[in-house]
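Look for subunit A in each of the two complexes below; its partner is subunit B in the first and subunit C in the second.
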Partner chain A sequence: MNWLRKSAIWLDDRLHLTALYASTAGHEVPASAGSWFYVFGSATLLCFVIQVITGACLAFVYIPSTNEAYTSLEYLNHAQFWGWYLRAVHNWGSNFMVAIMTAHMIQVFLFGAYKYPRELTWVSGIFLLLCTLAMAFTGQVMRFDQDAYWGLTIGASITGRVPLIGSQLVHLLLAGPIIAGETLSRFFTLHVFIIPGLIIAIVSMHLRLVLTKGINEYPKPGHPVHKATYDAEYAEILKKEGVPFVPHAIGKDLIFAGIVIVGILGCALIFGPKGPGGPPNPTLVDTNPRPDFYFLAIFAALALLPDWMEVMVLFIAPAVLLIFLLALPFISGTGEKSARRRPVAVLLVVFAMLVIGVLAYMGQTSPWSPQMSGWSGDAIPVEYVKGRTPLELHGALVFQNKQCRNCHSLGGQGGERGPALDSVATRLTKDEMVRQVIQGGGNMPAYGKKLSPAEVDALVAFMQTLRPKYVPPVRNSDKPENPKPLPRDVAELRSALPRMNR
Partner chain B sequence: MMPEHWRSISPADKKLWLLMGCAFLVFAASCDPPGKPKEEPVSSEDATDFQTLYGYNCAGCHGSDGKNGPGRPLNNPVYLALIPKDVLQQTIENGRPGTAMPPWAHDQGGPLTPKQVVALVDGIEQNWVKPMELPALPPYAVTSQSGNADQGKKLFLKDCFMCHGPGAPIGSVSSPSYLALVSDQMLRTSIIVGRADLGMPDYRNLNMGKALSDQDVTDLVAYLASMRPAYAIQENAHVQENGSGQGGATTRGNEGSGHGPGSPRHEENEGNKSTGASSQGGPK
Partner chain C sequence: MSGAHEQHGRSDHPATEQKGNTPDPTRRDWLFTAGVAVNVAAGLLLAIPLVGFVFASFVERKDPRTWISLGPLDSYPEKATRIAMYRNPYTRPWDGETADIPCWVRRLQGNQFQVFAINCTHLGCPVRWFQESGLFLCPCHGGAYYEDGARAAGPPPRGLYQYNYKVENGQLWVKGGEMPTLSNPV
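Up next is the complex of A and B:
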């Protein structure tokens, strides 16, 4: 055994493995940092490692050419032994990575870990956030299906609106004026070489900063950070309750890593890979492209944007947001760390999560998209058919045939782009209906040229019946229900009531 | 480390447990995990299942189970006895120019392949009520004899007026707009078949409890057609040229704005009160 020991000492002397271990895994962390809240950073890194491994395996099969990308994914899905599972793990790995990274960021923000002296850890983290989102976007393009095509189209048209250099930027992004073979090669290079390389480099810096500046102690209310005293305080904490990261603090990270791995593998097994959803052919109009979940909120925001807010939301808001995130540790680099004493920070997180959550929900349901099969597939509710006249029934046919149903729902079925028409007769008079149908307006196209007068007549007759039972349709205020005009003054009233007062 | 209770199990039981465990593993390995992509996703052009096709393409107008829709109820024994199968197929393929029925066949600009049209026709035969055996059923199409509008008017006043006269509860069929929107064949089929789902009897009971003959139906249609306004006849000619329906799909946002409802060809439309707003329809 002596020779084994000797060779180990020789190797350590050359490679300095013991010193490396002592300065990394063995470095001292505050015992309070061994908390369940501190597991997200390592879990994000784990996801990245899974992505690198599965991505490398996928690259063995994937062909980054417009002709073959789609086919090679179909091959993985159906022909390659468990190839679909590889795709599924890569897909779910990315979903988990974005989700856990977000949790990590929120935790760091709420625990004040970005404050002095860890400003650059936060800044490098922001760059990692950008890189991860760039990976997500370029990865979506790799699928090269309809979602990818339209996602890329939207990205390019946003880029094209950059003032002065817009068209040059689009050219740079797409490797040409339009989406073509070179576009896919470019995004493949970004997704496989450039951005992962950047991530590895920035992660190295991020980790080194964690080692040199130490892990943030679990914040206590009433212990604000002062630049003058913090370093000494942290040294004191380490001295009093410092424990080596391995084995004392790593336990929860390992357990959480296990949960994440089981989660990714399980989701991949149960839900499978995403797409590819239809070839990227811009001539197919019967498509409903939708980005992956991390971009659903942006998708919804872009869809719901009024014209006048476009420049603000497309360019100014992201710039302001990025500058805010980068400047955050320099704006509030000192002071309270505990979330219990930082109500604005907590509200900010709640607000941001609500906005993103609601927008993502809207992106998933996309009520602004017409439902293209509504007119032929959604039956008119039976109660709107019973007891209607032949003309009104024919109006219902016009309603379906002219695809009103694709945007207007009846009985909860149909599109949600326009208002539901279940009680339209209590809102619009007959004349107003005619005008709206013929001229459109308020986001509705004009149907004047698409409908004959008889069809308008039938359609409006049908819509006049759309109201709750026993509620009369609205009428013009200048056409009183009672044909006799009301008396205008007392004298007239007297004469109208002849015998009573006399 | 073996749990205590494992040791207490007899060897025979252990074998049984192991066997069951192996059986479960084999079972689990033999079935596909739920996430595995299906072989080939059925594209909309490959579907030939009747319920899918009908639910996606027809239910909007004809009702979710072939009745109680605003359009012709197809799930009706008298109707299925009346209409020849080839006419049914042609109707799906080419639509009915001049009515709300658009063409569905691929070569007519519709979404259905020839296979799917046949699947619909066969599906109606197989899934729904069987055609009724009716001895005195008038033929589907108008035969050579011409209708007598005066005779039809007498019949109308006797048999139809109660429900369909002007101001009657079920609603007038003589309104110009209605007559402009329906073809003679549609009127004929409606009279013969009735609307069992909405309470209108079929031809067997319409003649004061007795059956209407072929000639009666033809006369009634002739009478109704005689009330059709002049503009509607022109309009049908226009519709027949271009094929009907599905125009809405290509409607663009700005189309029609800047025009009142009465584009020039409708100027003579006096009977149509609801488009009285046309004079207001100036450019936006």
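Up next is the complex of A and C:
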């Protein structure tokens, strides 16, 4: 046994392992930092490691060439032993990574952990957030299918809106004038070499800062941070209730890590890999491009914004947001840490989450998109054609044939781009309908050139019947339905005549 | 090993101190400066081809657009809008079907055409033609265009991009080869 001990001591003398351990895993942290709220950072790192490992395995088989990528994905799904499962784990690992990273960021924000002296930990974290989002986007391109192709087109079109150098930037992004072979190689390089390398570098800095500046103690309300006294206070906390991170503060991290791994593996097993969807052939225009969920909120915002705001929201808003995030620890680097005393911070988080959540939901349902098969797929409900006159029935035909259903729903079926027309006759008079159909307006194109007068007549006659039973259609108040009573004498008659005849 | 690098200050390494002090300190400074200079120069030599390689598109800007045939005129009936496809002239052997680019051809009459890019002017999604309502509709954010390409509704900031075209040898030709964007319409 003695020689074992001796060789261990020899190794340690050469490798300095105990010293390394004492200053890293074994460093002292406040006992209060061993909290369930403090598990998200290590879990994000764990997800990254899973991504690196599964990603490296996938790269054994994947071919980053536009001609072959799709086939190699299909090969991974169907032919490669365990290929489908690794693709699924890689996909779910990325979902978990983005979700847990968001939780980590919110926790750090609400616990005031970005304040003095941990400003640069926060700043490096913001750069990690950017890198992770870049990984999500480039990863979506790696799954080179229809959605990836059109997602790239959207990315290029956004880039093309940059003033002055827009077209050069598009060329740089796509590595050519169109999306083709070199585009995919470029995104592969970013996804596999450059961004992961950056992440490893920044994570090293992030972790080193955690070691040198210490983990944030669990904030207590009424204990504000002062630059002058904080360092001494923190040293005091460590002296009083400091515990070595391993083994006394890492327990909850370990349990959470296990749950995360099982969660990723379980989701991968149950839901399987994502796509690939249709082949990346742009001539298949019958497609409905949607981004992965991380970008659904932006996708939705782009549909809902008025166009004069778009450039602002595309370029200025992200810049402002980024500057705000980077400047945050310098703006509010001291003061109260506890969320109980920072109502604005809590409201900010709730507000941001609501905005992103609602936009993502809308991006998923996309009520603004015409339903491209509405005109052929959704029949007019029977009760809307029962007992109608021939003219009205013809109108119903026009309504269906002219593909109005792509944007307007009847009986809950059809597009939601325009208003549902189930009770349109209670909102628009006959004349207003004619004008709306012929001239368009609001968000509706004009159909004047596409419809003959007879078709318009029939269509409007049909729409006049679209109202609840026993509710009359609206009418114009200055064109009364019944004629006025006859004038009783000449004076009244004269006053009723148009002015110029008087 | 560790002491050999330290030239100043350690009194417990008299040998090193002596070694470090005997030669002329200005010579050491000169060596350091020269070393930095050599490496800056070498770094530049490395950086020039690297930056040139990656940012080639900023330097050599050949116009990637050329005339491309869309096939014989009679595949496009008058007063109708049809989808057409061409192989992008700028292509690599490993591009596969991704370099097949679609476009919409509207033949008004005779040799009068309108050839629209497939890409929505909002953010590039593929617009689809609806014959009966006479509209191009975009699946992404609900943009709509009239049959002559003019913007009808939704977020697009302008009408559809139109290719330049010519009729030659009984064929329809368009000038293409680049993805149209707002800052660089076809």
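We take it that the second predicted complex is superposed on the first by the 484 of 502 C-alpha atoms of A that agree within 3 Å, B and C clash if a C-alpha of one lies under 4 Å from a C-alpha of the other, contacts with A are read in each partner's own complex, and residues count from 1 in each chain.
Here, a residue touches a chain if its C-beta (ideal position, glycine included) is under 8 Å from a C-beta of that chain, and two chains touch if they have at least 3 such contacts.
The structure displayed is predicted, hence computed values, not measured ones.
Within the superposed three-chain model, A:112 lies out of touch with both subunit B and subunit C [touch as defined at top].
Of the two partner chains placed by superposition, A:93 touches none, neither subunit B nor subunit C. Once chain A of one complex is fitted onto chain A of the other, the partner contacts of A:34 are absent, as it touches neither subunit B nor subunit C. By the document's definition of touching, both partners, subunit B and subunit C, reach A:403.
In the superposition on chain A, contact of A:219 is made with neither subunit B nor subunit C.
By the touch criterion defined above, A:305 lies against subunit C but remains apart from subunit B after alignment on the C-alpha atoms of chain A.
In the superposed model, A:473 makes contact with neither subunit B nor subunit C. Look at A:273: by the touch rule set out above, it reaches subunit B but stays clear of subunit C.
In the superposition on chain A, contact is made by A:171 with subunit C only, not with subunit B.
Annotation: subunit A residues 286, 375, 401-404, 440, 445-447, 449-450 touch subunit B in one complex and subunit C in the other. Put simply, subunit A touches subunit C in their complex at residues 65-68, 149-150, 153-154, 156-163, 166-168, 170-172, 174-182, 279-283, 285-289, 299, 302-303, 305, 307, 310, 368-370, 372, 375, 401-404, 406, 417, 440, 443-447, 449-450. If you check the complex, the residues on subunit B that touch subunit A are 33-37, 39-40, 44, 55-61, 63-64, 68-71, 100, 102, 164, 170-173, 175-178, 180-182, 198, 231-232, 235, 245-249, 251-257, 259-263, 266, 269, 272-278, 280-281, 284. Taken together, the subunit A residues at the contact with subunit B in this complex read 77-78, 84-85, 88, 268-273, 286, 373-380, 382, 385-398, 400-405, 430-431, 434-435, 438-441, 445-458, 460-462. Within the complex, the subunit C residues that touch subunit A are 55, 57-58, 64, 83, 85, 88, 90-92, 94-102, 118-119, 122-128, 130, 132-135, 137, 139-142, 144, 146, 152-157, 177-179, 181-184.
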